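In what follows, structures are represented as structure tokens.
Note that subunit A is present in both complexes that follow, paired respectively with subunit B and with subunit C.
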Partner chain A sequence: MKWKVLIWLAVSLGLVLFPLAGAEGYYYRILSMIYLWVGLASAWNLTSGFTGYIDFGAVGYFGIGNYATALLMTRAAVPFMPSMAIGGVLCGLIALLIGRYTMKLRGAYFGIATLAFAEAAKQIVLEFDRTFRVRLFEGSHGITLPIAQDEVFFYYVFLTVSGGIVLGVFLINRNKFGYALKAIKEAEDSAELAGINTRRYKVSAYALTAALIGVLGGINAYWLTYISPLDVFSVMHTINMIIMALFGGMGTVFGPVVGAFVLSMANEVIGSKLLYTYLMMLGMILLVVVIFLPRGMIGLISRKRIRR
Partner chain B sequence: MALFLQALITGLLMGGVYASYSSGFSLIFGVMNIVNIFHGELIMVGAFTTYWLFSLYNVDPFLTLPASIVSAGLLGYLVQRALINRVVEAPPMISYLCTFGVHLILANLALLLWSADFRTVTTSYSGAGFAVGPLTIPIARLVTFVIALATTFGLYLFLEKARYGKAIRAASQDKEIARLLGIDIKKVYALTFALGAAITGLAGGLLSTYYVIYPQMGLPYTIIAFCVVVLGGMGYIPGALIGGLLLGVIQSLTATYLNSGLSVAITFILLFIFLVLNPQGIVGKGIVE
Partner chain C sequence: MNVLAIQDLAKTFGALKALHDVNFIVHEGETLGIIGPNGAGKTTLFNVIVGLYRPDGGDVLYRGKSIRNLLPHRICRAGITKTSQIVHPFLTLTVKENVLIPLMFGQKLSRRESERKADEIMEFLNIREVKDLPSTAISLQNRRRLELARALGTGAEVILMDENLAGLNPKELEEGMAIIRELKKRGKVLIIVEHIMQAILGLCDRVIVLSYGEKIADGPPLDVCRDERVITAYLGQKICSR
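Entry: the complex of A and B
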């Protein structure tokens, strides 16, 4: 459909040209934050939404990405871009190793194992220095990064990376890799019988998700200029990724984008003043979506029906 | 040697506390295949019931325990009846997300109502203990330990022998056949949840006499309950006791000889390794999907 392509081109062009409008810094921060969450929720969705393996420890890779970039920049004076890339690759490699084992587990066991991984990573970063009497992660003091570039720079970095992630998920959704992942969600054993090497696909998706989240973590560190284990390894990040993807529509391409947009706006408007009310509202949204709209907001607007 | 023995006893008693609030988690998982993420909030509700009765009406914490049992049990029953029973036919993931939503609502509602303050239930016998040679044994934890043993044993007997316990086991083994035999599945589920929640509330009431309580205490407890139950075997009731004691001793020994922050890291690494190598738990009787 031609007009659909045109709309997408117009939206992308609008976002790319936005800084020409000369808006205040506040708007760049809001949009950068939205892009960050669009990227995180989409990356999370690639593994968990497509395969149905719900990852409760995605924040582990976010934290590792943050720390990799921060340490490379402050300790080894590596420039930002290579640091961010190395952080992503590192997360991907760790995920290949972790995924080899966790991806054998199913349902609740996978969820708990991933949660344990993220919590262990947090505790190690928190306690490493004190235990081994070195100065590496700085424990709960956190790390301060060099003063960042201007807001427009981060606007474009987030736009490029998150836009790339959404485009990537869009392409994966239509190719063999995407079909294999969805087959795993529908009926893993049958997919295996049909000759799909399910383990390889699952672990690849998991590593790809981890690498993307790691890259976003690296940008986050440089953007905020100060990181601490309790912030960047906070389980709230995982919770947000899950709820955004679920709210918009898990396993769809644009669901997490819609969810991330709506919920990060809601967080900005309500969450900054009434945090507890906002979190309660998230809980209620979760219940309503899970019980009444299992396909999320996208399922509401989409005319396609699932045949049973 | 005295240091080692004291660490061992502290660990065993801590393990008793872990076991006391983990067996309900194991029961709910074993019967309904639900990972109950608001488990910690049941502990919080039990603890706050004791706290309010104690601070407003001066009721002794050990006398408020029935109230803690009833409040947490009722909450569990209502959540199962009103929400989770609607999604019993859906994939298990849906029910976890449901309990997760309930966790967010309860933890933040409690924060709004009671503020984030740390609270304690301080009685005349708080902190009291008796000495055995060079070792001290705190009384309140010893009582928890004994109650944990009793509830685990009682729950085990109930499931093995009682008519209702048999209905619960039937429902957990084969939902469809149990339904054909005339068992009302949704009612059994609601009562199982209430039972699991009630023993959890009891543990919450007990631990409020020696731990600090606050509205957001729940999630760390849920995570420990995960660890305990995985170590002992998910859904295997005596496993909660075995896993609890094991975890308590390991944590106490690492905290004594290394440092206490590291003992948390070790808990999670252990949990991870255990899940990957041996998801049936240490005695091999846990349920694996």
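Entry: the complex of A and C
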């Protein structure tokens, strides 16, 4: 147990001290991107991996977080950090409302409802201005944010937030909240019969996931300095979260971390060299993982074997 | 006072009347058996009582208070739970974690207190040896006991047991019946659905018979076994001639 803690401390220290090495800006961007995906995939996993309710609309909260931060900073001159936090809270509140109803649905119906939510959010941002003849979301023109920070700043913001999310999931995995979510995934009726208020836990997890994704969206907006609805509400973001969690191991703490890391790197390294065949290869790899490693890459190293 | 009162309970699935105005009461400390042919509505009755299904008519009173509009976790905390015929453990969790969950959520005990109580329950049911195994890796007998362990973990005084003894060999059946007798001694109110007449006759103070969603008999086990309608609907000639 002790050496495990030491390894984690060493890895954390290495990541924190990385900027002192004086690397090129490119590496900060790569690592920041990886942290962003680690955070997104881990946050998504908290609801979908732990409870088994597969959320196909997670990008909705990412987009709302992006726009909340962008609008607060450009229209109301709110500083970055509070904007990001408000965006997260807003996403959490919206998810409480949405989750109240969608979390009653099971299986594919939940997936369909969440997908519809994300697409509706995108359409609202796209068409709101034209419909009501106002200038708020700027439709498909998108919003440009002030450029103020360097790469090291974002490196640390992403590292802190995503590191916090992974730590949070790690703690939840061992506490009462985590047991409730896992019980719901395994047998929802049995969970109710054991005294678990399943709806409350499901909706809480969903709102927490949404808030975290919203915060990451806010950072993303300030980082990229330009956002547009088709980009930040793109369904590809949701799909990425899903395949990263799936690849690494759904419902595990470090599966999404591994998945986000490996697939982000693969996208960066292989994706740029083999532009036309990369996605096909990715599809093949995913098929192999799903068929032979149903518990993801993490299943290779985890000792706890599950027979079904 | 009656522990449980079922009043004109009705449940339909489309055109099928799964339960048709069922009435009965359960007394303090009683072990009640429910028998009847397949599809008679026994499991439906249980699911309505514990809140998994909403009844279409009638009411369920627990110690005088209606529980028909409560969600299962509220009914569980009030004092009624069930073990399922098809065992649904929390598969990826260990046996011990399976027992911890009702203690932490149903009784809202602290983690440490739950650990202690879980050990007690597993000791009582003789499943402590397998406590660190995932619940997928244990025998049928132990899975049935795990169902019971989870029900006991909730602290509920009324336990509905849906064929908890089915599929066991004669020795395991004997052990299972001994456990149920001990629960009776501890003051639990038990409602047992079972096809094994040996268990029903050996354990129950009273038996009611369901057929096509209706109650057709209610009384002491031996009387019920001699009832003409029960023989035609369920038992057949062989048992009553004994």
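In this section, the second predicted complex is superposed on the first by the 300 of 308 C-alpha atoms of A that agree within 3 Å, B and C clash if a C-alpha of one lies under 4 Å from a C-alpha of the other, contacts with A are read in each partner's own complex, and residues count from 1 in each chain.
Methods note: a residue touches a chain if its C-beta (ideal position, glycine included) is under 8 Å from a C-beta of that chain, and two chains touch if they have at least 3 such contacts.
Given the structure is predicted, the values throughout are model-derived calculations rather than measurements.
Participant: Based on the superposed arrangement, let me know which partner A:T277 touches: subunit B (first), subunit C (second), both, or neither?
Facilitator: First partner only, subunit B.
Participant: Now for A:R75: first (subunit B), second (subunit C), both, or neither, which partner does it touch?
Facilitator: Neither: A:R75 stays clear of subunit B and subunit C.
Participant: Report for A:A191: first if it touches subunit B alone, second if subunit C alone, otherwise both or neither.
Facilitator: Touch status of A:A191: second partner only.
Participant: Using the superposition on chain A described above, determine whether A:L105 touches subunit B (first), subunit C (second), both, or neither.
Facilitator: After superposition on chain A, A:L105 lies in contact with subunit B alone.
Participant: Between subunit B and subunit C, whom does A:I291 touch in the aligned arrangement: first, second, both, or neither?
Facilitator: first
Participant: Report for A:Y179: first if it touches subunit B alone, second if subunit C alone, otherwise both or neither.
Facilitator: A:Y179: touches subunit C, not subunit B.
Participant: Of subunit B and subunit C, which one contacts the greater number of residues in subunit A?
Facilitator: Of subunit B and subunit C, the partner in contact with more residues of subunit A is B.
Participant: Going by the contact rule at the top, pick out the subunit A residues touching subunit B in the complex.
Facilitator: Residues of subunit A touching subunit B: 52, 54, 101-102, 104-109, 111-113, 115-117, 119-120, 123-124, 126-127, 130-131, 235, 239, 242, 246, 276-277, 279-280, 282-287, 290-291, 294.
Participant: So in the complex, the part of subunit A that touches subunit C is made up of which residues?
Facilitator: Subunit A reaches subunit C through residues 176, 179-180, 182-183, 186-187, 189-199, 251, 304-308.
Participant: Within the complex, which stretch of subunit B touches subunit A?
Facilitator: Checking each residue of subunit B against subunit A gives 29, 33, 35, 83, 86-87, 90-94, 96-98, 100-105, 107-109, 111-112, 219, 223, 226-227, 230, 234, 258-259, 261-262, 264-265, 268-269, 271-272, 275-276, 279, 288-289.
Participant: Which of the residues in subunit C come into contact with subunit A in the complex?
Facilitator: 50-52, 71-73, 76-77, 81-82, 84, 88-93, 97, 100-102, 104-108, 111, 134, 136-137, 150-151, 153-154
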